[in-house]
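Each remark here refers to the structure printed beneath this line.
Per-chain residue numbering starts at 1, and chain names A, B, C and D are given in the order in which the chains are listed.
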Amino acid sequence: MLKVESALTVAEGKLNLIPRHAVDHILKVIENFSPDLQALRNSTKADGVVVPGLVLQLKEAVGSPDNEYVHFGATSQDIVDTSLVIRSKEILSIFSSRLKRLVQEINSLIQDKAHQTLMGKTRMQSALPMTLWDRVRNWQEPVNLLLTELPRISDDVGKLQLAGAVGTLDKLGEKGAEIRKVMADILEIKDPLGPWHVQRLSLARLASYLSELTATLGKMGTDVVLMTQNETATALLKSGGKSSVMPHKKNPVDAEILVSFSRYNSSLLGGMHNALIHEQERSGTAWTLEWLVLPQMFLTTGAALNAAVRLARVVEFPSG
Amino acid sequence: MLKVESALTVAEGKLNLIPRHAVDHILKVIENFSPDLQALRNSTKADGVVVPGLVLQLKEAVGSPDNEYVHFGATSQDIVDTSLVIRSKEILSIFSSRLKRLVQEINSLIQDKAHQTLMGKTRMQSALPMTLWDRVRNWQEPVNLLLTELPRISDDVGKLQLAGAVGTLDKLGEKGAEIRKVMADILEIKDPLGPWHVQRLSLARLASYLSELTATLGKMGTDVVLMTQNETATALLKSGGKSSVMPHKKNPVDAEILVSFSRYNSSLLGGMHNALIHEQERSGTAWTLEWLVLPQMFLTTGAALNAAVRLARVVEFPSG
Amino acid sequence: MLKVESALTVAEGKLNLIPRHAVDHILKVIENFSPDLQALRNSTKADGVVVPGLVLQLKEAVGSPDNEYVHFGATSQDIVDTSLVIRSKEILSIFSSRLKRLVQEINSLIQDKAHQTLMGKTRMQSALPMTLWDRVRNWQEPVNLLLTELPRISDDVGKLQLAGAVGTLDKLGEKGAEIRKVMADILEIKDPLGPWHVQRLSLARLASYLSELTATLGKMGTDVVLMTQNETATALLKSGGKSSVMPHKKNPVDAEILVSFSRYNSSLLGGMHNALIHEQERSGTAWTLEWLVLPQMFLTTGAALNAAVRLARVVEFPSG
Amino acid sequence: MLKVESALTVAEGKLNLIPRHAVDHILKVIENFSPDLQALRNSTKADGVVVPGLVLQLKEAVGSPDNEYVHFGATSQDIVDTSLVIRSKEILSIFSSRLKRLVQEINSLIQDKAHQTLMGKTRMQSALPMTLWDRVRNWQEPVNLLLTELPRISDDVGKLQLAGAVGTLDKLGEKGAEIRKVMADILEIKDPLGPWHVQRLSLARLASYLSELTATLGKMGTDVVLMTQNETATALLKSGGKSSVMPHKKNPVDAEILVSFSRYNSSLLGGMHNALIHEQERSGTAWTLEWLVLPQMFLTTGAALNAAVRLARVVEFPSG
């Protein structure tokens, strides 16, 4: 959020909305700023959003007369949304690396084994013989697809929010659009060309993407669980979860939790779509709901990617 | 489904997998075919899918020896999925028309009124004055966006399924890919280039799109409900729902149900993502779940579009 | 709904709120009343609820001067809610029979087999030997529990709605409570002792119960699916679903769809809880959402009970 | 969990399953036990559950020969489930206090104001005049109902889990039922009389209860938000959330987030019902899903209760 306030200050300086010396002063203060976190917690409880308390602290640190240029023309939602967008892009970049690693692991897994015969199963019954690749392609192809699409998702979600109190950038007069453009350049995100305080499709799509990803991993997990059943044994685990009382057991823990993560994200996705209805010019209700849902979805997806990579490293397909 | 069986027959004839006279015979039978619906109901209850019973009836109607060429090399899921895809594209085409009409209605609604002053509302409290357009743009821009994206969604979902019993097109030998291509051409849908029996992201994305659409309309509905409150009265309805006992009332029924439809689709979307985990080569469980969820989402979205158009026709914004 | 209007008329006659001859006249009209369904469809679309159009038709059929006593003191929601309650109790009574049949079928299934050895499975891996009963008790005990609880659920949901336009029974003056009591007696449901237009916990609990029921059957379905795998074969099906191309297959269709039904109800349950927030004195939005969700849950649960009974009839446990 | 292991040890000592000196030794070790948390984290990642690592550490701390009596006859799930149950009861006890405080606050709120006239609102339109109590009773009555029911919910969820590796208490021989009874007495929870490793209705019902509670508060929140609109002003807030740029605003933050909390819990409830299908004798998948969902629901409900109490303290109803 401080990074966003900085970019706002720089952009407004560049367009002569605030004086040069105020820009320098505010930037210096932000650079060395360490918020009173307990005070932030209290103000957030009262205000329902962290920004009013944060701006208050910033203004106090800047002092008169430059404090009038802090957060100038912006509204709480501009700061929170843009901050969310920046962090989301960073997380997606981490996910991109994990997806690449997963593709490699699945490649290693199947290498030299692709043509191995496997009994195909439909509706949980033996159907016809096929190859191992005929099953594993259904793990790998969607992972590849999602990896390919990640930049578009990141780009779509990665847009600046700068719209002012009621979405009209009223305080910035004619310079609003230019400031938005400069800020977007500084923060290396997109200029949205308009307000999106209550147009939240990009966030819902991000959530859909996360849930698609965990479901894709959940399909792989389900297949591994079924293949590692003792009677089936078309897959084995080099290592697995221990039981507290049955030393002979090797539980397919990472495969199982992939399914749990997917079902969790599925439920959360409904919450995120319930959060799409933002009434009037800003919705405290729907916005707060986003904050409850989206972090859980990120955490879940990140954990799922790690579990999938771990799993792919320990699965073996015994020949015949 | 009969259309899909026809296209399969034609494609297989063209590639000399089945004899010309059998093609002609089967096509003629299909053209005049009227299934025994009660028998279909019974067989569907037993088989969990309509195709085995349908193919049985078709084969009986064709008779020996050509009956061996009916449904040749396909599996139930090929027929059901492709049929779903074709119907989905048709429904999306209807939705496209409704979206266009809605854009026009919103345009008419705002025409000459765009610059009218409206008190902006954030967190349900009066914030700052703005224009009517500053609110209505948040109804129209996402509708426009969704209209623009509809062809891509339709294209993404519109792909042939032809994969055979376990996804390997085993019975079609080397000609599988060619037959798939010819069938896709005949049915004017995409050749998927591979099996997607258990790769269901395109259906989940269709569901996300439908829910995004109803949420977008739900935002418009919420705003209208709030604006038509007696004390607010920044919007009026030319006509509204009657009460059974209070003749003075004009209930904003179409605005209200837009919110209901959106919340319903949000819940269903979670179900559709729960249906993403198709185990092994075909999942009776996840597939059936799709059939429960998706039709409800289509019906809900279609009704929402109609309600939104009706609503846009009766809303008025009193000046001052 | 006509039954509710009748009971209202009788109760109001008994308490001398409307004259005897008007009571007789209205009851006779209702007895022979056949609504114009197309007109009802149109009025429902306009009013968002069927009652205003129905009452209009009824009043026309009664004619002046007795028409002023039709629907006297009630509001649309009184009629719709009470009608829902009556139908819900009838459906629950059907479910009770199906649950009893299911208990019997599970008893037959396990009879003479209870002590048969079965390998216990935890986290999808072989754990320790146990008996068949150690697994099947987890199908039967929750079914028994739910059967035992059904009367309480039915009783809890089975309460009259009679509250008038804003929940105050304003038009019935001092006699409101008495009329409510008499009506409840006539309809053989509970007197709620107050309004519940916006207190909807009993309906949410009904929905929870339905979802608990389908989940209980879904657990049984999952187990049967796993036990009928070819390599496991600790359960066999006397009959199963046919494949359109693999005559050797016997698909555990009824077991699979039990899982589908459970996941569907789980999603719908979230919708029903989203419908719990009824604003002010009557919510068009939340009320309509109930109408979308609850019928689907009833249909799903009814189908699940039938599938479970069918399934229990065809499962066999081969000895050793 | 250590408390549960202690109770197990004591009970087994009492029934002479393990020698007295071993009991004393193990209890003393547990009393002073401080687990290596990093090692626990690592083992939990590998095993999918914390107990195997915890028992390993405990056994090391006890040392030979008494270590064979640690965790004797129990399985991981016995410890985790019982621990969950104990903590759940403690949380519910906190919720009970908050509910009581809320009832008092609502009483204070309405005191002397109950008969004040308020325009009743149905379908968001003015309907008929009524009293303030006619609205507020719909906040208070469900809160009272839920408070009354809390002991039953707490009792229902509060049952010991002790079933052993596959639910048969195999290692405890004939003494299993007695040990379960003694342990339940020690821990002051119910003896379940049987295993419930895969019978999870009590947890789903706990989740339903939590969601019913947040929805009840969400209704109160929605009403307050609507009443504090500037044009309506049938309620005022003594204090509210500040805006970062509009000093005149007093945002109804606590009322808004009550709605967010309710919608969040609604989505999570679907997840909890999805977690009801525990396959075979123990489900890693469904069990992990419970752990993802239930803590979020507890946190959400606890926060909602606090917000509701805060809200009730600042609402005022201006006369006339």
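To be clear about the criterion, a residue touches a chain if its C-beta (ideal position, glycine included) is under 8 Å from a C-beta of that chain, and two chains touch if they have at least 3 such contacts.
Here the structure is a predicted model, which is why all the values come from computation and not from measurement.
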Higher-contact pair (C-beta pairs counted), C-D versus A-C: C-D
Geometric centre distance via CA averages, chain D-chain C, whole Å: 28
CA centroid of chain A to CA centroid of chain C, Å: 39
For chain C, residues contacting two or more additional chains: 48, 75, 122-124, 127-128, 165, 225-226, 241, 243, 246, 251-253, 256, 259, 263, 266-267, 270-271, 274, 284
Topology of the chain contact graph, where touching chains are joined (line, ring, star, complete, other): complete
Touching residues on chain D, where the partner in the complex is chain B: 122-128, 225-226, 228-232, 241, 243, 246, 249-253, 256, 267, 270, 274
Residues on chain B engaged by chain C in the complex (per definition of touch): 43, 46-49, 51-52, 55, 71, 74-76, 79, 164-165, 225, 239, 241-246, 251-254, 256-257, 259-261, 263-264, 266-268, 270-271, 274-275, 284-286, 288-289, 292-293, 296, 300
Interface residues, chain B side, partner chain A - complex: 48, 75, 120-124, 127-128, 130-131, 134-135, 137-138, 141-142, 145, 165-168, 170, 194, 198-199, 201, 204-205, 208, 211-212, 215-216, 218-219, 222-223, 226, 259, 262-263, 265-267, 269-271, 273-274, 276-284
